[in-house]
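Below, chain A partners chain B and then partners chain C, in two separate complexes.
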Partner chain A sequence: MQKYDAIVVGGGHNGLVNAAYLGKAGLKVALLERRPVVGGATITEEIHPGFKYLTGSYLISLLRPQVIRELELPKHGLEILPLESTVAPLPDGNYFADWPDHDMTRLEIERFSRKDAENYDEFNATMRRIIFGVKPIMDMIPPDPTSLAPHDLAQMARVRGTLDRMERRDFHTLCRLMTMSAADFLDEWFETAPLKAIKSTSGIIGTFLGVRSPGTGYVLLHHYLGELNGVPRAWGFAKGGTGGLSQSIARSARAHGVDIFEGMPVEQILIENGRAVGVATQKGDEFRADRVISAAHAHPTFLKMVDSKHLPEDYLADINRWRTRGPSCKVNLALDGLPDFPAIPKSKRALLRGSIEIAPSVDYLEQAYDDAKYGGWSKRPFMDALMPSLLDPGMAPPGKHVMSLFVQYADADLKGGWTDQKKAEFLDVVVDTLSEHSPDLKEKILHKHIMTPDDLEKIFGLTGGHIFHGELTLPQLFFMRPSPQWANYRTPIQGLWMCGSSCHPGGCITGAPGRNAALEIIAEAKEQVTI
Partner chain B sequence: MKVVVVGSDANAWAAALKLRRAGHEVVIVTGSTSGGVSSLLPGTPLSPEVASEFELGVVLKIVGRVGVSSEQKSVQLKLRQISGEVSERDQERWPEFVKVMNNASEIWRGLFQGSAAGDVVGRWREFGRRQAMEVLRVPCQSLSELLDDWFEGDLLKATLAASALRGARQGPFSPGSAFLLLQRWARGEVFGRAKVDQEALRSLAQDIKVSEGEVESYKVSLGRVESLRTSDGLEVAADLFVSSDDPVSTLQGKVGPTRLEMDVAELVSHWDTRSTTAVARLEPSQRWGGAMVNFCDDLESLERAYDPTKYGRDSEKPFAEFDSESGLLYVQHLRAEEAAEKVKALCETHQLGEVAELMLPEDMAEKFGAHGGHLFGGERSLWQSYTLREQLRRPLSNLYLCGSGTGPGDHSGLSGLICAELINQPVPV
Partner chain C sequence: MQRLKVTPFHSRTSALMQGAEWRRWGGYQVASCYEMVPDREYYAVRSSTAMFDVSPLAKYKITGSEARAYLQKLLTRNIEKLGPGHVVYSPWCDPRGKVVDDGTLACFDEEHFQLTAAEQGEAWLLKVAAGFEVSIENITDDFGILALQGPTSRALLKELVGAGVDDLGFSEAASFEVDSMPLWISRTGYTGDLGYEVWIPSNQAEKLWDRLVDIGFSYALMPAGIWALDVARVEAGLIMLDVDYLSALRTESVSQTSSPYELGLGWSVHFKKGDFVGRDALLKEKEQGTSPYRFVSLVLDDVAYRQAFAEAGLAASLPVQAWRGMHPLFDAQGLQPGYATCGTWSPTTQKYIMLAQVEPAYSEVGSELYFDAVVDRRRHRFCCRVVKTPVFETSRKKESYAKV
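Let's look at the complex of A and B:
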């Protein structure tokens, strides 16, 4: 069998990005994907005939612009349609809308509070300065802060330099934002309850914490780090669903000579004399290479594919205590027509083309968390709904629609476990809650489908169903992700690398771990050649 | 210079003594000589820095800590070992846990000892990579993350968590709540209590003039305090004012937000002093040999006790810490709803006798002037700590704060000492 320069295990978006970069640098790369089609949780699946479901991720914003540019994704078919708005229908029959456009949102806030509208200027300016200050850190290779090695010290100096460029006041705000709760932070700025509710949801996406839990401020910041076509914190929808994005990266990778094997689950990473030398597949094939890069979650990588005897005790302990209990479900509905949301006036129907958030108040969101955190689920969950067929008509048959719902919270460690009956029960909870805001929804449902944290684990390999490969909390960020000393995409095993969301800068469709890891691998490969 | 020090807790005494040593004319203005809200924390040991500055000798007494469940099972915690309702595995892991906490405490204390930041980082590196990173993790974690990583015993974990949560409005699942444990650990409060209290400081200050009277307002002109007025109508002028009262009541109430720079006014308006800790006065008990006692069951029940506070309600089933030497019981989280009944039930379960006095946060706000009834002049959370807690040290050019709302956030006297040192620093030319 052919020997490769590199084997990438897992064809999620980060694995694909990594393989494409390595291929572009002239390495001979094989990418092995367990499922019949690449994409990982960045995928579009036709589960009900004619209806394209987004079973994993659904929106794009944090994807690094360098990745789009350097891999020439538009040339390979990527088309991102901007998401125009986010709207929250409110129980009192009113609604609250949020646009990427500052002035439009400001006008909207003015309907509720003049004072908040004025504060919103200052809030946005502050957030923009902070984002501008910390964004470069996303593309940095995390150093080991305990090390006195020149490259670590230089990297630490770079991090410090980035932060030093911030105004002292902004730096203090950043420190507070990193440690406090999203709701408390927003309380300092605004009085309008729906505004605080809709903004605070950015702090809990994918995270098993409530809007009032300290630390959710950071998750909020994380979701502000995105941009789309140069517009900061704008969100978009890939034509054909997020599967359209992963397919474009796959095409770019293939164009750079990457061999992509689908339906090829890796059983084991082969280690000889302390060095990763290839992989063995479940089908019994062996692929040999100079290096192996795992895009998979840290748990399957180190607790299943690598024999633990090769790992230092400390490292194994860090992987074992990795927090990856997910709170998120994904629901897709096939609809026989557009559902009505009475809270959204007829003249504002365009708002249905954006996100519809079921987040009427901060207390509602917090209660949703409290219901779930002891091994249960929210009696009335938080939901982020989207009707992709309004943005891309190809997502559903003519006249029909498809709705994607991101739902929290349901505990991955549900008491009694996730059975088919529990799944169906929670799906009913989701539909019932949404029906409170859209009375005709139920009669329009042709088919419904749920991915619980348990399904996300079984189908996508996300341990605990955690969409970010592990909580984005301080002890799991930057040089701690996934383990101190090994945050630079290397692992204690020579020739074995990591490039998934278990590494800095973490989850969401960013492509950053894949790209950062590739740049490190390429730099090291070049060094080895010159020596 | 003539300096007026407002307050009569350890921080105020430490500041006054240190300032007098530097040759200033010091006057103390205080409403009650009992130490304000710190009189409810008689177990708080003085900081070693204060002890050595004023040659007070050993200030900490090791008494140990006991955890008692509602089924009357118990664990005994000492620095060297744990016993009682604990597994062998937990006993084996205890020394290693103590080492990590001690090292983390050393770094945390180092940050307040006036050492250069570089020296603290250097010391931190000396721990070695593994230990250094463990130390760094501690304050960022939630109590449940920290304790679940180390131990399996519910009562052991709950006892450590409950001790951390005394006086705080957080649950053990809140990220950063382990920092609360670190703060008490670093002060020696987890296993010890005060051997010498603020009385020792006061006795050194017998010749400092004390004016009795509650401060009602500060007269501010052009960013400077000219004088203060007490509720008895007494007006005291000075060159410099130092107050150990909490930042919010001082700045919002007595100075007035319009007299502050906008940045400072904003900081004060965000300062979190919402307390949910009630304090009950009981008879001291010899049952636990003078130890600190936590009445609690497991981490989940501590979190459940915290949940209602987020919606403005009280705990259904509160947990508590009992200072068995002074007889003070700290109950989380109670503000109003049937507080007396809930405390009584707790006392009956653990046979603590009659409640002589029950103070809810609003009573403490009323009695001691502590904003929100907070025991520490503001939540001791990560976002109100270290440099973020020092921002209100000098809100006006000649007004300094020296209480628990600044510095390490306690009544150990260290904040007062830091304040006096700051004032005594030669003015850079």
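Let's look at the complex of A and C:
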């Protein structure tokens, strides 16, 4: 068997990004993916013939522009279409819409509150300034703040440097946002209930907390860190679904000489004399390499693929206490036509091409959390629906449509477990709740499919079904992610690295952990060569 | 009161207009964009179907026993073999070999051709016609034209007119009749993508619009304005009159004129066909290599561009609407070996691109030039590189769908 410079375990988007960068730097890289197709949770799957389902992630914004440019992803087929509106149908037959255009959004908000319409400009400007200040942190290697080593001090100086990009008052707003709940933060700005509701949903995506739980302010900020064509906070849809993105990264990686092995589950990371030297696959093959990089979740990496005896106790304790109980489901519906949402006026039919959020009020969202937090699920869940076939007609046969629904909350640790019957029951809850806003939805459904937290774990390897590889709460961010002193993509085992969402800056399609880790690996490899 | 003319689709386009973003084109009023945000109109070109009202194109019916001989004299391109059902693109020049206008020519039969031009220019066509047995009829207002451009345009049109649309190869055209609407459809466009242009008699234009919108919803059809078209055509490296060049008939000095060689159109100048307007001058220019400029595409270093904004404390402002205007290009010494005529952020290639005319020494792929842009009230100089034209290319444009 050929010896590689590096083996990447797991072909999710970060594993692919990491492998592509290493390949580009001239390393001989093998990437091993457990499933028959790379992509991880960044995948498009034709589960019902002719209909392309987004079984994992569904939108893109945080993907670093450097990754797009440096890996030449457009050349390899990436096309991202803008997603331009969010609409919430309301129970009283009204609706609330958020557009990317100043005048349009202002007109919408003025229907509810003139004061909010005016505050909205200041809110957006404030958020833009804060985003501008903190965004460079995404591309930093988290330092160990307790260390006096030169590279840690240099990184600390860079972190401090971000404050120079911020006004003092914005830094104070940032501190409050980081520690408050999304709902409390928005209460400081607005009075319109549906405006606060759709804004606060950014604070609970993927997170097992309610909109009134402290910490959701950061999750909201996290979802503001993206951009599209240079426009901050814009979200987009990859042509062909998010699988279109992972395939473009895979093509870039292959063009840089990376060997991608699909359907090749890794059983064990081989460690000899305290150093990672390769992997053994479930099929019994061995791949040897100078270094191994795990793009997998921290739990399968350190609790399954690495023999615990190689890990220091405190590190193992950090991994064991890692909070990774997910509240999110993905539902996909194949539709025999466009469902009607009576709350959305015919003249605003363009709103159907954006996000349709079932989030009528902050109380609705908080109730959805309350229902689920003791091993249950929301009686009326929060949903973020999207009809990709209206953006990219290739997602469904002509005249038909596909709907992707991000759904919360359903406890990963469901009482009695996620049996087939429970799964079907919750799928009905989702469809029933959506039908309250779209009476003809049920008659248009040709096929329906759900990914529960249990499925997300079994199929994608996300422990607890957590879409971010673990909560994005303060104890699990930056130099604490996944473990203090080991947040710089290294691990206590020499030659073993991490490059997935379990590392800084965490979940969402960012490519940042994959790229940051690659840059560290390349720098170290170069040093070793010169020595 | 004088008003701009409107197109046959005006009742429909004006109903869609959200932000009063109209513009002028050849004396007509057309949409810059319909939605308040133009992004989706552009993306439709590359991901579904954009529908452009291009009715202001000047249209001429050219008939007579010497129609072909006349067109050979008018155009720089050899159209000797242009047969019925085929369309070609060509510029035409004045006797100095400077471009007057450019457009497409379709052949219906040996004595019947149809020419389009960016602007009204009948007087010039008639001037060249002296002595030919030919009749030139301006049919601009007789027809509305909808350009359907994008990957789903074929499937969409197929639903309207039937499988016959599959038989249209690139640059081919045919007549169809649907619900007593006589349509003439050519597989042509101005976006570098798969696309068609559909001609309809003006008095039935609204009916066609409604049918297309109705069918189009399932194909994510978007009515789109000139801003979207502009980004797509810069990506495709296609020139525009009054942006990338001025008509030789309307320039105030010879320095403002352009020969086909300066516009990247040398491939459409054919000397073997015999005499045509501008032949002697063009032959001399070609043989002596005296063209002052070459037409190129440039990619601006957007890393430095973004960095300049970051240093000013701002998020990068990429030109998502194409800009137009003569912008000098500098060399390392600060001399000006050329100028850019338009530029845009290309969402599909994720690059900041420009079209430019540069001195031959700077026209090779990889040549470096410098471009000034304002970042937060200050002028900055950025490097840009000559790249292959067009920046965006897709196999969809010329792919054959005919059943073998």
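Heads up, the rule we're going with is that the second predicted complex is superposed on the first by the 527 of 531 C-alpha atoms of A that agree within 3 Å, B and C clash if a C-alpha of one lies under 4 Å from a C-alpha of the other, contacts with A are read in each partner's own complex, and residues count from 1 in each chain.
The rule is short, and it goes like this: a contact is a pair of C-beta atoms (placed from the backbone, for glycine too) under 8 Å apart; a residue touches a chain by one contact, two chains touch by 3 or more.
Since the structure is predicted, the reported quantities are computational estimates derived from the model, not experimental observations.
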| item | value |
| --- | --- |
| Fit or clash - chain C, chain B, common chain A | fit |
| Partner chain(s) touched by A:373 [first = chain B, second = chain C, both, neither] | first |
| First (chain B), second (chain C), both or neither touched by A:194 | neither |
| First, second, both or neither for A:227, with chain B first and chain C second | second |
| Partner chain in contact with A:398 - chain B first, chain C second, else both or neither | second |
| Which of chain B and chain C A:99 touches, first, second, both or neither | second |
| Touched partner set for A:165, first chain B, second chain C, both or neither | second |
| Angle, in degrees and to the nearest 10, that opens at chain A between the C-alpha centres of chain B and chain C | 130 |
| Smallest distance from any CA atom of chain C to any CA atom of chain B, in Å, after fitting | 23 |
| Touching both chain C and chain B, counted on chain A across the two superposed complexes | none |
| Residue numbers on chain A that touch chain B, as the complex places them | 144-148, 169, 172, 175-176, 179-180, 184, 188, 209-210, 212-215, 314, 321, 323, 363, 366-367, 370, 373-374, 473-475, 480, 484-485 |
| Contact set on chain B toward chain A in their complex | 124-125, 128-130, 132-133, 136-137, 140-141, 145, 149, 170, 173-177, 263, 270, 272, 300, 303-304, 307, 310-311, 381-383, 387-388, 391 |
| Of chain A, residues touching chain C in the complex | 65, 68-69, 73-75, 79-82, 84, 99-101, 103-104, 128, 131-132, 165, 227, 229-232, 239, 338, 350, 353, 389-394, 398-399 |
| Interfacial residue positions of chain C with respect to chain A in the complex | 18-19, 35-37, 39-40, 43, 46-48, 151-152, 155, 159, 217-220, 302-303, 306, 310, 313-318, 320, 345, 347-351 |
